[in-house]
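In the part that follows, the structures are each spelled out as structure tokens.
Look at the two complexes coming up: chain A is in both, with chain B in one and chain C in the other.
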Partner chain A sequence: MTQKALGAAYEAEELLTGCQAVSHAVRLADVDVIAAYPIRPYTEVMDTISKLIADGKFDAEYIIADSEHSQFEIAKHASAVGARSFAGSSGTGWMYAMEALAVTATDRLPVVALVGNRALDDPGAFGVEHNDALSVRDLGWLLVWAATAQEALDTTLIAYRVAEDPKVMMPCAVAMDGAFLTHSQHMVRLPSKSSVKKFLPPYSMGNRRLHPDNPISIAPQVNEDWVMEIRRQQFEAMSASEKVIKEAYQEYNGIFGTEYDNPFLECYKTEDAATVLVGMGTVVQPAKMAVDQLRAEGKKVGFARVVWFRPFPAEDLRRELASASSVGVVDRDVSFGSPDLGGVLFNDVRAALYPAKRRPTISGFIAGLGGREISIDDCVKMFAETSEYAKRGVGSVSWIGVRE
Partner chain B sequence: MPAPKEARDGSDFGKIKGVHLVPEEELYTSGHRTCEGCESALTMRQFIKVAGPRTIVTGSTGCMYVANTSYMTTPWEVPWMHTQLGAAGASAIGTAAALRALQRKGKDAREKVNVIAFCGDLGGGDMGLSGISRALQTDYDLLVILYDNESAANTDIQATGLTTWGAQTTFTPTGSADRVNRASMRWKKNVAAMLAVGHPNARYVATACATFPPLDYMNKVKKALALGGPTLIHSLDPCPKGWDYHPRYSHEVGELAVRCGIFPLWELTDGVLKYNYDARKNRKPVKEYLECQGRFSHFEQSDVDFVQSKVDEMWDSWEVPGVLPVKTGAVRRPAT
Partner chain C sequence: MWGSLIPETVRDARELASVKRIEINYRGIFQKQLAKKIANYVVYVAHSEGKVAFSNGRYSDSPERNGVPCKYFTFVSSDLTEGQLEAVCGSKMDIESADVSVVLDDTMVKGVEPWAWHGIRPVNEKIGPGGKMIVVTTKSRGELVRFLGRKPFAYDLALLEGEASFSGLWVFKDDSTDVRVLGAIARADPGLVSIKAVEAYTRSAFKGEKAKAARLAHDSLLMHRVEPSEGIDWPHAPPRLPSWKEMREGLVVPAVSRAYAKGPRGQSRSTTYLRGTTKSARPVVRFDLCTKCTLCWLECPDECFDPTTDGLFDVNYDYCTGCGKCAQVCPVEGCIVMVDELRFDNNDSPWERYKIAPEDYVGWAKKSAGGDYVLHNVVTGTGVRRVKVPEGKGKRS
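Our next item is the complex of A and B:
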């Protein structure tokens, strides 16, 4: 594509995987400290960053850590000193970092991380499952799922902007489906550095910066005297993030000509839909195909993709799904022993729709675990089951494509 | 920024040559709530005296976090940040990497800022070994101080990999079936030497005791910071609460540990070993050290003899006495 067709805010267009797209976002964000540790499938982001640095296209401290725990501690401490930091992981690697992930959130340090979603061991599997990233849903991490490589790049830049906003100051995990996005190639428009500068101000810790010029103590022991107030501050920051996210996307659209109308929820033919499937990540592709197929048969169906999981778009769901009498939730995760044995997304969607004026029946589907494909036919089947349950007036949870 | 040229070989690092020349400024002040007779508090106070105000300190979870650094009563006048129990090495790397990146990229003015991460024997000697090892492989200017009071002192005195053989702790009580608790039967981990041997690029690794010989520990901190690169100091900090002796004797207990040879005092500068107390000769009997502490009150003569024999082995049989447990003279042929 010519520069003119690309638009002034862009410098090139390249065929990139989801991981590679995030690497370029890290370069464009002028990240200062990167902590790497290998695990499939996120790891290609670090391969690419190290090559960008080796080629002189990017200047950052690149540290190969001794473990995921150290990786995220390095990023956390660099962030406290005022360096924009990046790390990432997948599956059990993300779990190995869990202690560091918890304190990064409570220390209110805006580290951005890539999670290439992967099934948790045992047994070993490289394929996508969302349980890894979802494990930080209650810790004070912003959590967002990208569905295309372009979106992965855009979302990473937006993640820094939102995470570092003085009203927010929280870490942000950009999640993407292992293999289906981490390793699938898309044409990606690369913004120019100058246009990114307009969007993303320099990182500043302000009066919380750890430096001899600002000799503060960070995270001294507080016990019951102050923990509740500190949690409340995290709570308020997460609440404030919703508005910050909206503004960030609006500004991003303005500078880069993107069309992220609702940053929280991507809705496909939901306006008049009686039956709506809800899911996260790359399931959007077969789901949209299934919607088109069923619409051609005259069925009123639609799909809603939850993009930001934390903060969770409860109001948006109530608004966008107002016409639906039946809703089906596709979970690429499991939550053993959960209410009605549904997935994590299922139960959050149910909770969000409980106060709706006209409450739809809600069915849950556990699908595509460990990297198993969710096909168009699977989606057609889930639409059929969802409307079938609605006739009976109750929802249910079933597993899709499992050998029994 | 590299240290002044004359200091690069470690021969002239501005050694403090008398107690009256110790910096007067206190950067570790009132506010800490450590126990009476706490030697670890002295370890903290002295390292930051020497390092000065242009220093960033990270502190691992442990008694020097929980008792030492409470909200609104922090004793630190320098920037200080908590790090997780096993994260001293990573915290030092992250801090040093941030400073280097920001200064190189022109986001900060160029300046030498010391980076010091401290950790206890549980955090540094057990859980955090991997991260410290990684830190010692970097080329960042950073100093890891492992303050060793031979227990998890914050959680009621539990045994760690660095606790003296046979000591009573809350995890290793004496009992009617086992006078010497079986879980306490492990020889103190040789952490400083292990890390020195494994990381030949680290220009300076040393053991120390904050009070003996006088000024030795402060000069080691000074030397480590002057030499630059990744460095490590392992200090033995007697703990009245955990070791069960009267708080007034902390200095004496530390001195005894060195004089009886159970805690070897040495420094390795660019691979050159120097003993700061030569326990190859004139060692005091280990008995004197053991019998002044309640944690060994269950010992019988056979236990004392065992500890003495192990200490003697360290100094009399090891190829590098007190440091390296290799006995070239004692290599036996395999049985045929």
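Our next item is the complex of A and C:
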């Protein structure tokens, strides 16, 4: 077996962590302003970017903030004055930035952020849990989960393209499973700067750029007389983002030879599957192995990975899961007190499938919290429980891998 | 089809004439506690008469802003349930029509703009046919009607003798204006609350003179009919609010272009955010006394002062909130004084007037500003009675 040749669109292939891959995407996107504040596991992103700058490989304003709140305020303001900007965080750091995150979305500033998913303190824990990134799901942030280091790099470049599209103009959070993807090292192909330029046009705020020569005010105080129209505009932008995302992936595939077929939903052997598991992030790997194992035993199973959580691929799920009679949803999060006490993804998938022509049974699984492993065996168990839904009934949610 | 699904009782409730609506126009923060007390007293009194009532301060006014025109409401019904009254009158930012409209500061007859996007509206806008407008004032009927917008029908203007009661920030000034207005309401619309019930309430809740003040105000209220022919054609149209498709995205609104020139109106300003209706008094400048110290220009929180070619400072009254800070920082006694807003018909440049006819202007300013008038101290709320300033007796002159 010989090494696969790098395409013309690439400049190198390096062994990188997910964090390092994102950092290179920031370099390749020629980001102007980086606002940084350390919190694990995101920290390696700021480490890597500062080294790229120190080594003379990257030229950008690198601002170390005094907190995550300031960090995201800096990124927001930089974006408003016309600078392509980047910030990132994890866990409670992301939560501490919440006020800035909310206004960044409403002000329609296309900041791209990396969220290295981390369990929310307390207890202090570094492992992955998706609750941090999910906290912006209703705010008007685009929200996408990468599952490999290569995908993290590609997705970050695509995130800038989508976020800055004049029809969209929304911030985008690129999430990845902390401690796993953020820190495991894989061979990553690095696109050349010239090919990235073809894909990613220069950032332009147009007549919304905050500058003394373009006298505007952003976000004056308003009342009931304006708020609904503002939300309606956000709604429109989020609706428009779906098409923009599709086109961005198509063009990315064309330039870089990647094979992102459906950017929203990665489907593995779902076409004829009777039982399908749905999940986000790195759970895709053990889940695929479990699918192969069960397929070998003659069981019709498949796995669907939700890649973009916002906008949520409701139509794709209804189409791709049309043959499934039972669906199980793996949540690396928990939403206490939510309908049937499940996870966030569970309830969004249930809502998406409610209008389906043939509505499957839907089970929920809370798994892998705080970075606990979701093994292949766990996935096999979840497939079994999903197909045995009838035995358990409506609103069945189980915890996987918890000590009883 | 949906119409038939609305229960008869609800439809009846909407059509019932039994709901009485009171609006209390007040100035933000200085009169907030006063307006709230009046609104609440009406609820208590109506309740004592077996009626159902509730009060509601319009929070979207942001009534913590100094001097901003705001509204408090009270709704009273003799036959609706609490829930029905809430359904008909609750969760609303404004009312369609008022049976009684109270105006706690008479300078609001020049128009009210609680929120930039409401536009400058006539304070009598919500008064319905035969409605009553109670104004706390020392002015005559004619001095008020000349500013009011013309209505297509007759209504009653009730004058309650008194200075506008301004408290300090957040606090309440207990000068009996609250119970006096309550008495006036009972007189203006006895169907709302009876003076008998008002008296019973005030006598149980208060002592001394205050217990009797409502009855005295009730008896002394001066009622005047305002005919449809009276008042002015209102010059301000409400702003048209754009659809979401017309609005710029990302909460972007036009701001002020950079421009600066000496002279009146030389500095560029926002055409959207005027603050005209916030003031009860405006600064009158005696340009002949001015030492060109620049303090008014520097200290004005709303940047109302325009440096002129001759080193003086013109005032742009469209942006003046009447806060009085310029008058307080001015080191020359009598150079800047705050004058009752009802003495002015327009916002024209005083400097231009001064340059055209200096003696006329100074003469007018002496008469206007040098006379006996009340300056409402914005911090303490204490009315300071100013007396005539002897000519040329500035602190530094």
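The criterion applied here is as follows: the second predicted complex is superposed on the first by the 394 of 404 C-alpha atoms of A that agree within 3 Å, B and C clash if a C-alpha of one lies under 4 Å from a C-alpha of the other, contacts with A are read in each partner's own complex, and residues count from 1 in each chain.
Here, contacts are C-beta pairs under 8 Å (C-beta built on N, C-alpha and C of every residue); 3 or more make two chains touch, one makes a residue touch a chain.
Keep in mind it's a predicted model, so treat the numbers as computed, not measured.
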| item | value |
| --- | --- |
| Clash or fit (per the criteria above) of chain B with chain C on chain A | clash |
| Touching partner for A:226 - first (chain B), second (chain C), both, neither | both |
| Which superposed partner A:237 touches (first chain B, second chain C, both, neither) | second |
| A:217 touches, of chain B and chain C: first, second, both or neither? | both |
| Touched partner set for A:208, first chain B, second chain C, both or neither | second |
| Partner chain in contact with A:123 - chain B first, chain C second, else both or neither | neither |
| Touching partner for A:337 - first (chain B), second (chain C), both, neither | neither |
| Partner chain in contact with A:106 - chain B first, chain C second, else both or neither | second |
| Comparing the two partners chain B and chain C, which touches a greater set of residues in chain A | B |
| Interface residues of chain A shared between complexes with chain B and chain C | 212, 215-222, 225-226 |
| List of chain A residues in touch with chain C within their complex | 106-109, 169, 207-208, 212, 215-226, 228-230, 232-233, 236-237 |
| Complex interface listing, chain B residues touching chain A | 53-56, 58, 65-66, 69-72, 74, 76-84, 86-87, 89-91, 93-95, 97-102, 104-105, 107-108, 113, 130-131, 133-134, 138 |
| Complex contacts: residues of chain C adjacent to chain A | 60, 62, 93, 115, 117-118, 241-244, 247-258 |
| Residue ranges of chain A touching chain B (in the complex, touch as defined) | 30, 32-33, 35, 59-61, 63, 65-67, 69-71, 73-83, 85, 99-100, 103, 202, 210-212, 214-222, 225-226 |
